[in-house]
Amino acid sequence: MKIRKYFVAIVMFCTFLGLFPNVAFSAEPSVEIIAIDTVWTMIAAFLVFFMQAGFSFLEAGLTRAKNVGNIMMKNALDFGIASISYWAIGFAIMFGTGNALFGMSGWFVNVSASQADKVFSSLAWSNVPIMAKLLFQLVFAGVAATIVSGAMAERTKFHAYLIYSAVITGVIYPVVGHWIWGGGWLSALGFQDFAGSTVVHGVGAWAALAGVLIIGPRLGKYGKARGDVRAIPGHSMPMVMLGVFILWFGWFGFNAGSTMSVSDLSFAKIALVTNLAGAAAMLTGMIASWLRSRKPDVTLTAGSAIAGLVAITAPSAFVEPWAAVVIGGFAGVIYVSAVVLLDYLRLDDPVGAIPAHGICGLFGTLSVGLLASPRLVESVGVGKAGFFYTGSFDQFMIQLVGVAAVFAFVFIASLVLFVTINATVGLRVSREEEIHGLDIHEHGMWGYPEQFVGELPQQIAAHYPPPGIAKQATKRIISKEEAV
Amino acid sequence: MKIRKYFVAIVMFCTFLGLFPNVAFSAEPSVEIIAIDTVWTMIAAFLVFFMQAGFSFLEAGLTRAKNVGNIMMKNALDFGIASISYWAIGFAIMFGTGNALFGMSGWFVNVSASQADKVFSSLAWSNVPIMAKLLFQLVFAGVAATIVSGAMAERTKFHAYLIYSAVITGVIYPVVGHWIWGGGWLSALGFQDFAGSTVVHGVGAWAALAGVLIIGPRLGKYGKARGDVRAIPGHSMPMVMLGVFILWFGWFGFNAGSTMSVSDLSFAKIALVTNLAGAAAMLTGMIASWLRSRKPDVTLTAGSAIAGLVAITAPSAFVEPWAAVVIGGFAGVIYVSAVVLLDYLRLDDPVGAIPAHGICGLFGTLSVGLLASPRLVESVGVGKAGFFYTGSFDQFMIQLVGVAAVFAFVFIASLVLFVTINATVGLRVSREEEIHGLDIHEHGMWGYPEQFVGELPQQIAAHYPPPGIAKQATKRIISKEEAV
Amino acid sequence: MKIRKYFVAIVMFCTFLGLFPNVAFSAEPSVEIIAIDTVWTMIAAFLVFFMQAGFSFLEAGLTRAKNVGNIMMKNALDFGIASISYWAIGFAIMFGTGNALFGMSGWFVNVSASQADKVFSSLAWSNVPIMAKLLFQLVFAGVAATIVSGAMAERTKFHAYLIYSAVITGVIYPVVGHWIWGGGWLSALGFQDFAGSTVVHGVGAWAALAGVLIIGPRLGKYGKARGDVRAIPGHSMPMVMLGVFILWFGWFGFNAGSTMSVSDLSFAKIALVTNLAGAAAMLTGMIASWLRSRKPDVTLTAGSAIAGLVAITAPSAFVEPWAAVVIGGFAGVIYVSAVVLLDYLRLDDPVGAIPAHGICGLFGTLSVGLLASPRLVESVGVGKAGFFYTGSFDQFMIQLVGVAAVFAFVFIASLVLFVTINATVGLRVSREEEIHGLDIHEHGMWGYPEQFVGELPQQIAAHYPPPGIAKQATKRIISKEEAV
Amino acid sequence: MKQVRAIIRHEVLEPVRNALEKLGVPGMTITEVKGFGHQRGHTETYRGAQIQIHFRPKIELLTIVDDDLLNSVVEAITTNARTGAVGDGKIFVTSVEEVYRIRTGESGNKAI
Amino acid sequence: MKQVRAIIRHEVLEPVRNALEKLGVPGMTITEVKGFGHQRGHTETYRGAQIQIHFRPKIELLTIVDDDLLNSVVEAITTNARTGAVGDGKIFVTSVEEVYRIRTGESGNKAI
Amino acid sequence: MKQVRAIIRHEVLEPVRNALEKLGVPGMTITEVKGFGHQRGHTETYRGAQIQIHFRPKIELLTIVDDDLLNSVVEAITTNARTGAVGDGKIFVTSVEEVYRIRTGESGNKAI
C-alpha cells in the first residue's frame, strides 16, 4: 500500500531549510530512515511468520485429538511450500511488472538491488531492500494457504493438501495480490485494502469455501433432518486461546507492518485500531454467543476476536479509533451469526474460517467505503473517503466491485483446482481413515503418541525385562549392556 | 518515567557543532529519532500484549483441567475489556491533565496530534505519537487486571470477573498510575518505580488480596486444623513453564520498553538487568524449594522467576547488574516463603499471584531506595540514589510512603468493589458449580471438550451409522448424502 | 562477525558531501545509527531468548509424559545458570582480550562504557553498547546448553544437569567462541561461521555426543540384536511443532541479528535465506521420511526444519538465496539419515539433537567453503569465497580444520566433564527412577499433576465432605468456615 | 440376576446403548479397555522405527439384568455390535448374587 | 469369598475407602468408568450446537472380601456413598472361586 | 469356562501377554486401574504442601478361558508377574455361565 513519502521529505526539508537556508535538499530518504524502515518491516515479517503457530493451534484446538498430528504437519508444510513457491513464482506474478491481471517478471526474485525497483515497480514506493519486501510478502502468502487448512480439516488427504497449497500460494493468491497491491486493475480503480482483508483473508476463505463444497462435511456432522446439526467438539481450549493470542500478536505485524515504512508514524495508529477492533469484536461476539447458547461460548468468543482482526485489516490505515470499535463490534456479531448460518447450510467448517476470514473480511473491506476518514485517506493516498464523511457511495461501490471480483475469481479457480485434485489423486480420505483419524493413517503415528499407542501406559513404559524389577532397583549407573 | 532528553540533545549538539560550528542547533529530536523511538515503543507494546498469553498459561497450568476454559476466557476478556475501558476513560484518568490525585482530560483519547502534549502533559517528555503512548499504556492496564484473575481462580463467577476487570482497568489502576507516572502526588515526591513493580504489579496483587479475602479459599483447600493445608495440584507443567517463558520474553518489552525512547541506549542495560534478576530469582527460588520440600519444586521455581522479574521492574533503570542479581536473589527466597506463609494464613491464591506480584513487587520497589546508583538516578532524573551509595534513608522513606499509600488505596477500593459485587450479582459460584468445574457451568462446555464430554471416546467419534462399518470401508469420496 | 562499517560511512559521506562540500566528515556512526543497531540487536536477543521455550517444547513433545516436568525445569534452569555463569566468566573468556585460545579480561563485565572497546576489543567493531552485546551473546550461550538437554533426556540426574550446564556455558562454549568470534586462532585463519552452526550448535551437539556415550541409552531402547531398535514414542506433536515454530521465529533473531548492525541492510537477506533453508529442509526431510517409513513422519519433518535452520546458520551471511535452498535441501535428507544411523550405532538421542545440531551444523559450516559468494564474502569481510565460485578448496580446508578442532576440543572436554560427574555425584538416575519417571523422583510431583496423581480424578477433586453433597448444592457464597 | 459384560467397538456404542435402553435395561456402565484377540495388531512408525501394536482400543459394557431379559439383551448387543469383521468382540455372562441400590438401600430385583 | 463391585460417585471415594480400610478390607481396585441409569444426562453446547450427554463419569470400586465381611462392607459402602440424589450407584455381589496372591503364590482366604 | 482377572504391574504386562499367547489363550482385555493394598502409598509435594497418595496405577487383565487351561494360565501369570516386592497383585477366578462371539454369534467353548 502506497504510503506517501512526502511527509518525510517535507519534514526533513523544513528542518534542514531552517538550518541551512542556502542548501537545496533532495527528497531521498536518509540511510537511517531506510534502516529503520527495514528493521520495522523485518520484525513485522517475523511476527506474521509466527502467526503460522497461531493458526496451527487454533485449528488443532478446535478439532479432535486423533487428527492433531496431521494438522500440525499441514500448518508447517504449507508454510514450507509457500516459502518455495512464492519465492519461485508467486512474488513475480504478484509484484513483477506485467499487465493489469498478473505480473510477469522477476522469477525467483533473481534481480540485483539496482534492478529491483524496475522489475518490481509496484513496490518501488517502499525504501526497504528487495529481500525485505520478499520476506514480508512471503509470510503473507503463508497465511492465505493456512486459512484453507482449517476449513477442510479432519478429512482432507495430506498429499492433496500439499498440492493445493502450492497452487494457492504460487498462483491464485499472487494473481489477486497483483490486482490490488501489484499495480493491477483494482489498484488502478482505487480499491482500498490496506493490509489484506480481501487480498489475504478473502482469498483464503473463498478457496476454503470451494473446498468445503467439494469435500463435503465430516462424517456425522449433520443428521438427515434439515436443522439436525451435531456438535463435534474440539479437544483443547488452551490451544485455541493460545492460537488467538499468537495471532493477535502477529496481527500487529500484519497490519502495522504493512506500512513497510515508519516515517509518517502512522503504524502506531494502525496498531492501536487493530487492537481496538479485536477487543470490540471479542466482547460483542461473546455477548452474541451468550444470547444464543445462554452461556458465553469459549470457541465463539475466541473466533470473534479473529473476526474483528480480519475485519479491521483492510480499514486499519483508513479509519479512526472510534470507527475501529464500530467495525470490530459488528464483526463479532456477524461472525457468530455466520457460524450458525453455515451450519444451517450444511457447510462444515470446523474452525469457522469462512465466517471469520471470508464474511468478516468482506465486511471489513466494505466498511472502508463507509468509514474511511478524509484525513487518513489522504495520507495513505489511495481511493476516497467513505460515505459517513462524504455522503457518497462512490468508494463503497469500488469496494463492492473489488470483493465481488476477488470472490468470483478465487471461488471459480479453486473449484477447478479441487475438482481436478478430487478426480486425480483424490481429495478426501476414506471413511475408515476418517473414523480412525488422519494421524495414524496419513502419518503412521498418533499426534499424542504415548497416549494413543496401544500398550504403552502413560506413566510406565512397557518393554523392560520385568521380573525382579523391584529388587534390582538400586541407585547405580546402568551400563550399556544392562540397559537393554 | 521521565527520561532526560538532554542526553540526545547534547550528543547531537556536539556532533553537529563539530561539523558546522556556525549553526545554532535546536534540541528538537530528529525525524529518525522519533521514528526509532516509536518503533521501539510499539514493539515493546506488542511484547507486553503477548504477556496475556503467558499469564493465561501460567494460571491454567497451575489449576485444574475442569476450569481451563474459564481461565482462558478470563484472560482473553480482561484484555478485551481493558482495551475499551482504558481507551475510553483509563488513559484520561492516568495521564490526562488534572490534579494530584487523578487526571480529568482526554476522554476517549480524542485529541489531535498537536493537542496531545497539552492534554496529556505528563507524557509530553516522550517523542512518540499519542497513539503509541496509548497502546503502550493500554497493554500495561491489561496486565494489572490479569493478575487478579490468577489469585481468584477456580471459584469466581464469570460475570463478576467481567465487572471488576472493567473497574480495575478503567479506574483503580489509572488512579494509582496518575499518582506515580501521571504527574500526581507521588511523582512529585520523587517516588521511583521505573516500569511498575508497584504501579502495575502492586495494584494487581493488592486487588487480588482483597478479592481472596472476600471470596474465601477453594473447597477442600484447608482442613479444620491450623496447619492442615492440602495441595490442589494444577494440571500441566509445560503450560506453566511456557507461561513463564512468554512472560519473561514480554518482560523485556515491559521494562526496557518503558523508556519509550532509545536515544540514551539505557534500554539495553535495563533488558540485561531484567534478565539477570529473573535468572537469579529462579535459582534461589529453586534452592529454597529444594530445602523446604527436599526436591526442587517445578511450580515454585517457575513462580520465583516471575517474582524476580516483578522485583526488578521498579529498579530496572536505577540499578547496576550486580544489584539486579542481589534483588533477584532475594526475590526468589521471599517468593517461596510468601507462598508458604499465605497458605498458613489460609489465603488461597492458586497461582501465587500475591507472593509474586504483591510481596516481591513491594520488595522490589523498596529495594530501589537501597540500591539505586547515583549515576543511573541522574540519567533517569527521578528521585535520589539509594542507601547503599548515600548512607541516607531519604529515598527509602519515599518508597515506603509510596507503597503504603498504594496498598491502602487499592486494598480499600477493591474491598468495596468486591463486597458490592458479592452483595449484588454475586462473586462466587455455587458449591456444585465449583465441584463440577467452571467450564461446564459457566460456559456450557469443557475446556478439553473431547476428553471430558461423556460419550465421545478419544480416538473414535460416536455418531456414525455403525454396523457393517468394516465392510464398507473402501477408499472413496463420500458424497454429502452419505456423509450423514 | 565483523560487518564492514565502511558501507555506512561511504553512503553517509556521499550524501553529506553532496550537500556540504566544504565539510570534512568523520566516519563515526550517527546517534541514530547506533540507536537503530541497538534496537535491532536487542530485539534479536529477545527472539533468541524465546528459543528456550521452543527447545523446551520440542524436547518435551518428543519424550514421555512422565518426564515432562523435569524437561521444563532443565530448559528453564540452564538459561538461569547460563545467565549468571556467562555474565560472570563466560563473556570474559569469549570476548575478553586474551590470547589465541581464550580471553582473560572483563570478569563480570564490570567495565565502564568507555573501557568496553578495549577490554572486549574483539567486539569493538559493533556500535552497540556493551550491555547489548552481553545480552545478545548471553542468550546464545543458553542455546548451547539446551541442546545437550535434549540428547540426554529422560535419564539424567537433575543436579548433574545443573553442574554441566554451568561448565558448558561458563567455560567450554566461551573457549570455542573465543577461537572463532573472539579474535582467537580460528578467527585469524579466516574461519567462516556467521551465526554459529559450529560455535553454538556444534558445541552443544558434540557435548551431547559425549554425554550420550557416557550415560548410555534409555531402558528398553535397544534390544539384544544389532538392528533391534525400538521406538519410544514421545507424547505430543502439537508441542513438537509449536517448538519448531518458536525456534524458527527465534532463528530470525539468531541469524539476522548476528549482524548486530543494520546499516548495510544485509540482515534482510540473511533472514530470507534462513527462511528458505528451513523450508527446503522441511520439504526434503518430509520426503526422505516418506520414502523410508512409507508415511510422512511428523517428528522427522519437524526435526528437518531445525536441521535446515542449523545448517544455514554459518552460511547465512555468505550465500545467495538459491544456495540456501540447496543447503537446506541437503540438510533435510542428511538429518533423516543421521537419525537412522545414530539408532543403528545405538546412540540414543531422543530428540535428534546430534543429527540436527551436530551433523547438520557440521554440514552447514563446510558448505560455506563451497557456496560462499564472492560478493557477500567481501561485504562480510571474513575469509574467501567458496569452491563453487573460485574452483579452489582453500576456504573449504579452513572450514574443515575449524570443525575438526572444535569437535576434538568439545568432545574431549565434555568426556572429561561427564566422566567426572559420573564418578562423583552421579550422572544417571536409578533404574527405578527412570521407569517411574524423573518428575516424581526428581521433583516430587508429576509434570501433569492432576492427571497422574493417584486419587484425584480429572473432573472432580477428592477431599470434599461428600455425603449429602447433592442436597446442599444451592447457590450461595460459601463462608470461610464452611469451605473446609 | 445376570451380569452381561460385552467387549465392543467404540463405533457401535451408540446403537447398542439405544437398543438396550429400548429393551428396558435400567442402567449400564462402560469402561475404556484395550483388547487382544483374533484381530491382529498393526504396525506404527515413529522416527523411522517400528512399533508392533498388540492391543486395540475397545469398550467394555457392563449391565446387570433380570434373568428374563438376558436373552433379549444378548441378542440386542449381538445384532447392533456386529460388523462382521474380526474384532467385533465377546459377551460374557455370569450370575450375580445380590444387587443393592445405594441411594435407597433397596436390594434384589428392585435394585437393578 | 465374595466380589463386591460398587459404582459410586467420584466425590465419595475418599470416605468409602476410609471406611473400608477401617473394616479391615485388605485391598481394593478402582477404575474410571462412565455410567448410564436413572440419572439423566445433560446438555452441553459447543459453537452454538447442542450435545446430549448420556453417560456420566463414575468410579467402579472392586474389592474381594471374605464372606464374613460381606455385609459390613456393603453397609459401609452404602452409608458412605449415599447422597440421596439420583445417580448414587449400585453394588453388585458375585462369588469368587479362587484367589491367588502373585507375590507369594498363596491362594484362598489367606491371599485376599 | 472361567474368568481370570489379574491385577498386575504395568511393567510385567508384556511378558504376561506373551506367556498367555504361547499357552493358546485366545484373547484378553486390559484396563488401566488404580490399586490399594499392602503396598503403601507415597507422598508427593506440590508448592510446598504434601499429598498422601493411596492408590497406585495397576493393570487389570481379564481373560476368559476353558476350564482345562485355568491352572496353566494362573501359573503363567504368577510366574511372569512376580517381582517379589509388595504390590505384585492378585488373581481372582470366577466362573462364567456363557460366552458369545459377536461376529459369528457362536456361543460356549467355541466362542472364547
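The chains carry the letters A, B, C, D, E and F, assigned in the order they are written, with residues numbered from 1 in each.
Basically, a contact is a pair of C-beta atoms (placed from the backbone, for glycine too) under 8 Å apart; a residue touches a chain by one contact, two chains touch by 3 or more.
These figures come from a predicted structure and were not determined experimentally.
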- Message: For chain B and chain D, which third chains touch each of them?
- Response: A, C, E, F
- Item | Chain copies touching (chain D, chain E) - same or different residues, decided at half shared | different
- Task: Tally the contacting C-beta pairs at the A-D interface and at the A-E interface, and name the larger one.
- Result: A-E
- Between chain A and chain B, tell me the centre distance in angstrom, where each centre is the average of that chain's C-alpha atoms. 29
- Calculate how many whole Å lie between the centre of chain E and the centre of chain F, each centre taken as the average of the chain's C-alpha atoms. 18
- Query: Hey, how far is the Cα centre of chain C from the one of chain F, in Å?
  - Reply: 46
- Message: I need the residues of chain E touching at least two other chains; which ones are they?
- Response: 11, 31-32, 34, 44-46, 51, 54-55, 57, 81-85, 94-95
- Junction residues of chain C - those touching two or more other chains: 20, 30, 32, 36, 39, 43, 230, 233-234, 293-295, 297, 299, 435, 444-446, 449, 451, 453, 455, 459-460, 462-464, 469-470
- Item | Interface residues, chain D side, partner chain F - complex | 2, 6-8, 31-38, 54-55, 58, 60, 74, 77-78, 81-95
- Query: Which residues, counting only chain D, touch chain C once they are in their complex?
  - Reply: 44-51
- Per the touch rule, the chain C residues reaching chain F in their complex are 435, 440, 444-446, 449, 453-455
- Note on the structure: As the complex stands, chain B meets chain F at residues 229-231, 233-234, 289, 292-295, 297, 299-300, 336, 339-340, 343, 352
- Task: Spell out the residues on chain B that touch chain A in their complex, using ranges where they run on.
- Result: 20, 23, 25-26, 28, 30-32, 34-36, 38-39, 41-43, 45-46, 49-50, 52-53, 56-57, 60, 68-69, 72-73, 75-77, 79-84, 87, 108-110, 128-129, 131-132, 134-135, 138, 158, 239, 439, 442-451, 453, 456, 458-464, 469-470, 472-480, 483-484
